Structure formats: structure tokens, C-alpha cells
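Down below is the structure, laid out as C-alpha cells.
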Amino acid sequence: MKTKECVAMLLAGGQGTRLKSLTKKIAKPAVYFGGKYRIIDFPLSNCSNSGIDTVGVLTQYEPLILNNYIGIGSSWDLDRNYGGVSVLPPYMQSEGGGWYTGTANAIYRNIEFLDRYEPEHVLILSGDHIYKMDYSSMLEEHIEQDADSTISVIPVSWDEASRFGIMNTDDDGRIIEFDEKPDFPLSNLASMGVYIFKWEVLKRYLLEDEEKDNSSHDFGKDIIPTMLQDGKHLHAYKFEGYWKDVGTVDSLWEANMDLLKEDPELNLSDNKWRIYSKNPNQPAQYIAPCATVRNALINEGCRIYGSIDTSVIFYGVHVEDSAVIKDSVIMPNVKIGKNVKIHRAIIAEGSNIEDNSVIGDPNPDSQITLVAEEGSVMASSYATIIK
Amino acid sequence: MDRIAGIINLDHEQDLMDELTYFRCGAAVPFAGRYRMIDFTISNMTNSRIEAIAVFARRKYRSLMDHLEQGKAWDLDRKRGGLFILPPDWNDPTDLSRGDLQHFHNNIDFIKRTLADYIVVSGSQSICNIDYRDVLDAHKQSGADVTVVYTKVRDLQPEHNLAHKLTIDDSGRVAAIHNDQQSSNVYMDTYIIEKDYLYYLIEQCIAHGCAHFFLDGIKGRLPEINIQAYEYKGSYSLINSVESYYRNSKKLLNRSSHDELFKEDSPVYTKIKNEAPSKYARSSNVTNTLVANGCIVNGHVEESILFRGVKVGKGAVIKNSIIMQRCEIEENAVLENVILDKDCTISSGRTLIGAPEKPFVVAKSKTM
Amino acid sequence: MKTKECVAMLLAGGQGTRLKSLTKKIAKPAVYFGGKYRIIDFPLSNCSNSGIDTVGVLTQYEPLILNNYIGIGSSWDLDRNYGGVSVLPPYMQSEGGGWYTGTANAIYRNIEFLDRYEPEHVLILSGDHIYKMDYSSMLEEHIEQDADSTISVIPVSWDEASRFGIMNTDDDGRIIEFDEKPDFPLSNLASMGVYIFKWEVLKRYLLEDEEKDNSSHDFGKDIIPTMLQDGKHLHAYKFEGYWKDVGTVDSLWEANMDLLKEDPELNLSDNKWRIYSKNPNQPAQYIAPCATVRNALINEGCRIYGSIDTSVIFYGVHVEDSAVIKDSVIMPNVKIGKNVKIHRAIIAEGSNIEDNSVIGDPNPDSQITLVAEEGSVMASSYATIIK
Amino acid sequence: MDRIAGIINLDHEQDLMDELTYFRCGAAVPFAGRYRMIDFTISNMTNSRIEAIAVFARRKYRSLMDHLEQGKAWDLDRKRGGLFILPPDWNDPTDLSRGDLQHFHNNIDFIKRTLADYIVVSGSQSICNIDYRDVLDAHKQSGADVTVVYTKVRDLQPEHNLAHKLTIDDSGRVAAIHNDQQSSNVYMDTYIIEKDYLYYLIEQCIAHGCAHFFLDGIKGRLPEINIQAYEYKGSYSLINSVESYYRNSKKLLNRSSHDELFKEDSPVYTKIKNEAPSKYARSSNVTNTLVANGCIVNGHVEESILFRGVKVGKGAVIKNSIIMQRCEIEENAVLENVILDKDCTISSGRTLIGAPEKPFVVAKSKTM
């Protein structure tokens, strides 16, 4: 068997409760984004484009859709004869078994999977962020620096810094200190939740951490601080580009709106760094004579008879005439009736919005309205009845 | 359940679409924003649970092969059955077959080995949404030797002049196959036949030096054998010329024609591309248009079809046109009644205007 | 979305403790058989050959190898764009979650998966048996009889009948009574653990059974008896052919030896009913000038310098000269040193048998010796030290 | 890491293997019990992390296409890169290229679009286990324009007469490329070249009406350009005739030759078949033989190679023979120094004996 230089482990178990009913039946990494994608398309496409062809996806919460969506990874060109994508749910062993208790525990429980490939390095990813990143140049820097761990960081604005895990580094990029959500940040370099470890080193720390009763078995809370304490060489890799945590309804909406800017920071049409996703096989979209479409992303299978302004429309959406959609995100296979008005809203997959409904608040300071599948409407006095 | 296998016989389809078929066969011509012509026949077959399909290709099949690959898009990359593209590469010095009988003869293993009892043979020029299982039911019920598929065309067009027509008696039996230009019974170049009988007819044809299986082997036996006609009643387009291509493409802008062809329970499959959703800029103005993914539209588009990855600059105007994959229409260019093949670039400010009954066709990869 | 007439659910969660150390690190359905196969190849190939293209595989115990082995089912031609194979481990839901507690519970927990395909019938299979069976003719009979459930049965010898679940039927094949391991069997028709249910009926029984506190949530113990009580139409489908439970070391050995009989009941070379399996990609096997091979099944990648008699040799096995292997099963990638003598043994994958070792007992009444990977030797006074 | 793309150029490989190449090109001839000749070059490429491979096929490529499919067996069914089988189907009336330059010219997109910086070009007749990354290292270190691969053959055989030989100066630079029958520096029909330089040479060759890229574009420039020689030192067989095929097949019965070709860390991949393990009956007697899966052996076999699914009846005797897929040797038949192509049946009691230096070859599907 051939060994792999670097194997990626993608933590995809999170429930994403702040995304409310969007994640009632699906894990957060399966949430839709950008007219066509699910969040997990980004880390998986990044792996594929970075030449990392062995990826373990650690699932736990409502994995059915994710399992089915990932398959053997052919959508991302990750259906390899050796390596490729493996979905790794928690499992039972002859000595028992149980759920993953933390991010580090999830990797600990899959040491056997990793050892099979004898990797030199392990790349830990989360399935929560929208970004395009070449992990291979991070790996190059990690190797060049001979770091025990390299953590990808991004400069955030100083007033936001206290919302993140902040890395204080010396001039060479060596991490001196790790501040989880500091009140008085000494740096504006936030951890992106992307780690590379020497596998040999990480394995030792995972085995030790597992023995500690008071550990929460988490990378940010336990593994990284312990390594820092032990004087291990932790290096900060500075990433530049678009990176967004889409953990809340508002930030998910914002990230979608970012795509509609004049020159969006996140380019989805770059042939050299394609974002792959599973293809729904729909005919070309149809813009009717009575439709008006301005500043929009629209996917195949849509039929637009109404008016779309500054919105992201997923596949298979039907918008009847005289409907007005503005500043909104319409997820797959939504039917929008005649004369419906939607402002500043996210409409979840498969919703059926009856004629004349009014949804959302046009006021630019208002919260984003979420309409989820089963008719629940949230956070908006403008919301109305949906069948 | 009876099993059916499929043969898509491109052997005598002529490539009459001018610039569009200089480098590819008609079956590989892009259609309806994101498909190729042959996708419709293959999808009809897979939707009818046909799991083994042979494509008899003669010329210009390279882009066809690139497109079809192993048939993955149609779930046909199988261990048993699957999709077989069969270009001519025969090296048997004792082979006496001629015409499309060369294909039937040299690929006889496909027919021999299939587990199916019936074979549907079709061309690629009839764009429709048909369930061949219905044809089989009719075939079995009538006890015919061969059942041919036709449709009634009310409004005959020039393209139907090239099609065979059927005279059908009261019992549904085909009395004559001809080219009567007044007849509205258009034969759809599709028939179903029992596998063993097909095999027998092929042997007979070769023994008698025939060169055209349908004309010699089936039409030629009209008095002796029982040929039944099955009437297909759905959406139908026959595409064998630039004019019919253009007219039938634009027909899809009519919503009900479109919906008759693209049905949720019998979808049309095609090769997967990874294109982002299409982007409509603030300055765009698009109406009555089919748009595939990956387009970036800044200009004005009406009554047109944009294939994948087309870029339309600011101030550009596109009317009544078909713009194929990855064309770039730069700022302020004007296109009317135009078909652009793949990868064309229209420089800013240029104007191209064809006639509504005869569009202006630009061959692929041209910069104008 | 298209509906599926019949979806198969394959119960592959069992630990198979009676197979001892063979199942220490792998689930029972992943155990090797027949020189090339794993047990699960048989039900999966049967599905594929029967035209059933949608199969859920319910895993629980040590699923890593099974997961990896199944992939998306391309080995069995079950990598379908819609349907195909789905591996279904237990998972966490927003209301909690936990391990599958019984065979019926496992199906109950995947009602959502099944409902997605709106099947009319559900085929329940286990991953414990070696047999070739056309499920489509069972399905035909089930439909013809308009049964609520059809259970596949096989005639066993009367003296063995009390080891099985026995079906007592009337002349039409309708099941009157189900006796689990009866002391005085009234029939010799044993249940093969292959059931077809009308999905609508089964679903109702699963939902009801889940509410019962005293239920073990098992098909044989709970669902079938309750349906019988309720007067549902249960039909027995008589299967004829080879069928073997390989739940113990002895029966696994026997089933392998069955393949070496003059005209084996189980034909592995039938082109019309291929048993598919994942391919290990090894060169042709090599029989050296000094080798003697008699009455053996040998797979690719083997190098035989010694003597093989009445044995089944998996891929990648090297047998050095003067070694003698008789009445044994040698699993993949085993290295057998010079002058080794092996009789009536199963040697587990990857074992390394040192020169001059003597393993197993030639006495035809002796128990079968199992040599498992980590050097443990069982049930034989003839066993010797293995590295 | 530098990326390499591969081209397998079959354009001027002659099909000199008599009955074995009547219906297929040399690259598609079965070899070593379960492979085809081309498997070795493709596997060498994928083991060297080459992820985009073009096959320039000219004739009799049908069974090659059936065998390679989309390259799944080599993990080459990829969205980016992958395996491209490129038979001639060119329809550009302005095309002036000739010979194998037709292939280079008409497939120039493969070279243009690949992300690789270097291209390895190879034929299919050199059976070896080579890591092209080592060749690249040498190429970069020497700063050569082209690095050609050769091997030293101590025991020259008739097949080497057809190969090019190299004269190499002390610095490793190629001083001459010739056909000197005494020279033991056998050129392995393999070279590495920078992509941009390859592109430049192709353009030059076409502009000058050349018809053979290696002879005209590389050998013809010998004084001007820096051609370095890389010596490959592993197992090597050149197969371009029935005699060399037979001798080199039998060489694999020598364990060390076999192990030099089949290495655990650089395995040879081939299309997957689902055959049961081979069955040796009580009556069988097999020695010094390679056996693929799916065989059922009841008779005597020595110093032979049995491909997949061969059946050997009771009392049959096979010596020094190569029996290809699915042949049936009935009871008491005797074969010595014979090559049977696929699907042959030898009736019971028949005897076929060829000469050790010239085996008796039976074309496929024959019953004798």
C-alpha cells in the first residue's frame, strides 16, 4: 500500500443550532449556499483542487443527507481507487463505543483510519466556512517551517477580534499565545479552524488527551493550549481572501448577498479553482417575457415570471408573475405564487409560498426572516401563512 | 418484465447542419441550452428502463465520444449492459457487409449477448419524450413483426420532406412507406423488433448484399411481414437542417412546448459540468430566454437561448439568437437571428444580423 | 423523483462473536469466504443480479472495513445515480439517538430513508449467509399471493430442524405458525432470514412495535409473531439450492470445503449469476516447478512452492517450498514458511507462519483450528507459535 | 512538485504479431495472464503520479477502447485530467499535418490545456517498470532539451533489430541515434520533454511538412539540441513480433524476472473482471505455470501461461504454451509450443505442436 503525505479530516458532525430550522433535518455542513452549493462543497473542493485526495468526513448529527450527498466523492473528483472520501460515523467496537464527544475525540476515534495511510501530516478542517483556499501552499509552509502544527489565520477587523480565537505570534509567525475570544485582543489574527499537524505529534497528544478526565477533547480548548504549554512549534499561516463563518441565519444571508456585489471577493466561476457540487440535472432556466431580473444569481430548472432583485435563487424554483423577490435567498424547489412579496428572507428548500403572501421586512436594519419547510416563520412581524 | 435493448443508428444520418456539423455529427450538436441532440434519445431509452444501448457512429464521432463518455450521466456505466459507442474499426477481410449492415454485422455480439428480448432502433434527429415500453405493449398486443413509430404533423415544414411517411390501414398496419410530401404521418425513424427476428433479418440482408437495413430489410418486405404503426402523440421536433434546428430551438421558448419535452418524471439527462449559477448584473435585461448555468449577463437578451458559460457585455443586444457554450459577446455588440457555435467571440460594437427564416451561423471558435 | 418497487435493507450490524477473533476488528458480513469473497458479497450480488438497485446496508459494529469495502457499491454494479447502496449507521438526531437495539428497530430508525423511495415492498436481508438467490422471483410470488409478508424458507433435515426458526404452513404455503427452535418441529421448513413485506404494512408494525416496552424489536421474535397473531397473510416462499449460515468457525470452514466437492452445489463461475467482489489487483498466480496442487481453489497474487491439497487459498498468499497445506482455508496475504504443516485450519488475513510450524489436527473429527492475526491460536493442541 | 502528463503514441507501432494483431493493435494484445500490453505503460505513468494521459491510436483500436474504458482501473476517470483515447476522426479541411504529426496537431488541446510542465511520450512495446519521475529528475539536472530513455541489453535478440540504438558521449549526451545491430544501447521509445518546447517542436515539424515527430523533430535536430540519455536498469522486454512475445512471456516463469516487473509498490493495473478463483481438480497436475483467475484445470500444465477463464479437460497436456482468455482445451488434447488467442476450443484428442523457437499461433475464436 502506498502512503499518503497528507490526509484531511473534515469535522462535519455539528448540528448548527443557530441556523434554526434550516438544520432541523440536516447537519450544518449540508446547508445550502450560493444558488447551487452546500457548505461542505467548499472544503471538499478545496481538498480536490489542492491535490489532497484522501479525506475522512466525520459525521454524527443527522448524517443521512450528508452521507447520501457525499457518496464516494465523485462530485468532487475524490472517488479514488486508493484514498478518496470516507464517511466516518461513530461506531460500536467490541469494547463498546459511543458518540464523538469533541473534535479531538472524533479524530482520536479514527486513529486506525489515519494510520492505514501512514500520513506524515494531517489536515483538520471544519464544515462550517465558505472560502477558497489552497491547502497545499499551507502544507508547504508547514513543512518549510518544520512546525508541529500550523494554524491558518485571517486578519479580522479589530473591533470584531474579540469574537474569535486570536493568535498572538512573533515576527516569524510562531504562535506565542492563543486567546479564545479575548476581551482585549493583542492581535487581529483569527483562527480559521484549519489546522495541519505532524501526525506523529498529534497522535501522541490525542492519546494523552483522551486520558484526561477534565478535558473536553476539543482542538481549540485542549489540544492547542497543551501543545503551546509544552513549547511545541506552532506556526500561524496567514490566509488572505474571502472567509466567512455562516453559523447564523444572518451571516448565511450576508454571505449569499456578498456574491451579488459588483466584483465579489468570492469568485465561483474560476476555472482554475472550481467549486464542485452534486448536480441536480435540471433543464436551462427560463426567464419569461413578463419577468424582470436584476442583480441575481439563478440556477438551472428555475422558471421566473416575476421580478427578482438582488437575490440568490437555487435550482428548481418557480416564481409566478407579479411576485417580487428582493434581497432574499430562495433555496431549491421552492414554489412562489402570484403576487407574493418577499424581502430580506431565506426560504428553505421545498417551501410552497401561496399567492399574495407577504414575507420579510424591507427595512435594511431588520432581522432576516427564515421560512422553513414545515411552515414555521420566524423573527418577522411581516411573515404570513405558508402552506 | 420484458427487457428491451436499444440501438441508436447514426449510420445514415446526414450532417446537413452546415457550420454546426463541420466538425461533429448531428447527434452531437448542442441543443436547448445544455444538451446535445442525442441526449434525448438516450434519456428516452433509460427512462424506459433500457439498460444496454449501442450507438452506431460512422463519422465525426469524436465530440460524441467526449460527450457520452461511458454513459455515466445516464447511469449507463454498468458492468452488465451499459452504453457502447461503436465507431467503425473493423478489420475482418472476409466481411461482405455494406452500408449500415456493416454496423449490424460487426456489432452482432451486442445483439447476441444482450439479455433483452426486444430491440428498439432509433436515430437521433427526432427530439421527443417517448416511453418505449408503451411501444412494446402495442407491439406485443398486435403481434406485429415490426412496430414503427410515427407522429401526425399538422403543420408540415421543409424538414419533413426528408422524412419517410406512412400509409396506415384501419387495423393500424402499415400499407406503404414513402416520401409523399403531403402525408402528415411522419415516421420517426424508430422501430421495435424482437431480438431473434432482428438477427434473422440482418443475416438475410447480408446474404442478399443489402446496404440499408431499414429500407432493404424492413420496408422492402412490406408485403410479406406485418408492420404495425404506433402513434406517438407528444412533443415532436425533427431536426435535420439549420432552419429546422433554429425554428425548433426557438419553439422551446413557448412554455407548453418546453414542458412537453422536459417532464419531471422522465427527465433528460446530460453530461455534468460544474458551472456556477448564472449571474444577472444590474445592467442586464433578459426576457423570454432560456439560460444555462455559468452565464454572466450584463446586456439585453430577448427570445434567445444562452448555453453554458456565455458572457454578455454591457450594452450588448441579443435577439432571436442561439449562443452556444462559452461565447463572449463584448460590449455593445448586436446579434439578431444569429447562431454562434461554441467558443466564439464577438468583438465590442460588432453587429451581425441574419434573416428570421435563415439565421446567420458562425462556426465554432471564431472571433469576429 | 421516481419511486422504487422494492428496496432492500441488509442487516449488517452483527458482531458474529461465534467467529471469535475473525470478527475482532471486522463485522461478520465482512468475513472472508471462498478464496475471494466476503460474506456480504453474496446478498449484494444477489440484489444486483435480481435487478434490485436500491439497498440500504445497516451497520453498527466495527463498520470501518465494511464502509470502505462497500463504498458506493460499484463492485456490485450498484453505484446508481438514483438509488444504489447507502450505508446506514445509527446516528444522532435533534431528539437524541443511539445504537440500533434490534433488527426491527434498525429498520424503524431508517423509515425516512425508505420513505424517500416510496417502495411498495421492502426486502429484509441478513449479511450472515452464503447463497445465490433470485429475489425477483420471490417478489413475484409475494405479489401474486398478495401476501403482507413473504418469508423465504428452506427444507432442512428433520434432525436439524430444532436449531432453526420453523414455519408451519398450510397447503397453499400460508404460514400458520412460527416456531423458534422447536423441540418437536412440525415441519422442516426453516426461515432463511429473508423477508419481503408490503412497506405500508411493515411500517405500521414497526411504529407499533417501537411503542412496546417489552419488545426486543426483532423481526423473528416480535414483528412476525405479532403479524401472525393479527391474522395477517404471511406466505412461505420455498427456496431450493445451497444456503449456509457461516456463523461459526466450523461452519465457515465447512462452507469453504463445500466448494471443493466434485460438483459443488454453489457454482461461483456462473456467468449468468456472478458473485461480485472488490478486486485486489494482483498478478496471475504462480505455481512453481516444485509445487503440487490438488483439489484447490487459488486466487490471484499467490505464489505456491509447496503442496496444497483440498484447500481454499485467498489472494496474495505465499507458500514456501516443502510446506504442506491440507483441508484448510488460507485468508489473504498470509505468508507460509518452509516446511510448515497445516491441517484443518483457518489462517486469518495477514498472518505470518514461520518456517517449520505445525498447525491443526489432521484427525477428521477434530475441531477446526483458527489462527488469527495477532498470534492467538485456538482450539487445537497441535497449534504452535506464530509470529 | 512538478507535474507530468503522458502521451502514449501508437501511431507508428506496426502490428507485426501475425494472428494476434489481425483484429487488434499491438498495445491491446493480452500479456502475462491477465493484462494487455498497454497496461504496463499506463501503470508506469500512474505510478509516477501522471494524472493526464492521451493515447494516440491509429488502427484496430476497438478492443483497446473496450479495455481501457474511461481509465477507471488506473484511477484515471477524473474530472481534471484522466485518460483520453484519441482515434483519428479529424475533419479539418485546412489541416496540413501528416504522419503522427496529425495526432500531435489535432490533439494539441491536450498539450495546451494540461497543467503539467513536462510531457512523457512513450510507445507500448517496451514492457518495463519505470518511474518517470526519476527520468524527470535527470532531465532537470542535466538541463537537456529532451531526455530519451534507453536500456543496455546484454543478450541482443532479433526484436532489437527494429529498435533505435543510441551512441552516448561521456557526459551522457546522445551523439547519434541509429540502427546499428551491434549496439546494446536500446532506445526504449520513451522521452521526456518540456511542454512548451514540445509545442514549439510540433509547430516547427508541421511548418516543415514532417511526418514522424521523433525522427524529424528530435532525431533530425541532433546536432542543434541537447538530447540526454537516461539509462533504465530494471526488467525490460521489447515485444514487436510473435517470437519476442512468446519468449518474453515465458521469461515471466522465471521468478526473479517476474518480480522485477510486478512490484508491490508500483503495481500493474488492469481492467477488473469478476472471475472466481481458479479451481485445480484432483486430477490436475500444474507446474511452473502462471494462472489467472476463473480457470478450471483438470489436466496437466507445465511451463505455460493460462489467462482468465481457461478450461483444461482431463488428460489434456499443455506444455510451453500460452492460452488466452476463455479457451477450452478438451479432454486428452495435447498442446506444445502453442499460442491460442481468446475463445479458442481445442477438441478432445487433438494435438498441436509448434516449434520452441516459433510457436504455433491460433487466431481468436477458432475451433480446432
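Per-chain residue numbering starts at 1, and chain names A, B, C and D are given in the order in which the chains are listed.
Just so it is clear, a contact is a pair of C-beta atoms (placed from the backbone, for glycine too) under 8 Å apart; a residue touches a chain by one contact, two chains touch by 3 or more.
Please read all numbers here as calculations on a predicted model, not as lab measurements.
Set side by side, A-D and C-D show the greater C-beta contact count at C-D. Across the assembly, the mean Cα position most removed from that of subunit B is the one of C.
Inter-chain centre distance (subunit C to subunit D, centres taken as mean C-alpha positions): 41 Å.
Separating the CA-averaged centres of subunit A and subunit D is a span of 46 Å. Within subunit B, the positions touching two or more other chains are listed as 79, 274.
Shown for subunit A are the residues that touch two or more other chains, namely 276.
In the complex of the two chains, the subunit D residues touching subunit B come out as 22-23, 59-62, 69-70, 77, 79, 87, 89-92, 274.
Of all residues in subunit D, those touching subunit C in their complex are 32-34, 253, 255, 258, 262, 267-270, 272, 274-282, 284-294, 296, 305-306. Within the complex, the subunit C residues that touch subunit A are 15, 24, 59-64, 67-68, 71-72, 74, 79, 86-94, 97, 99, 112-113. Note for the complex: subunit A touches subunit B at residues 34-36, 268-269, 274-277, 279, 281-300, 303, 308, 312-314. Per the touch definition, subunit B reaches subunit C in the complex via residues 72, 75, 78-80, 265.
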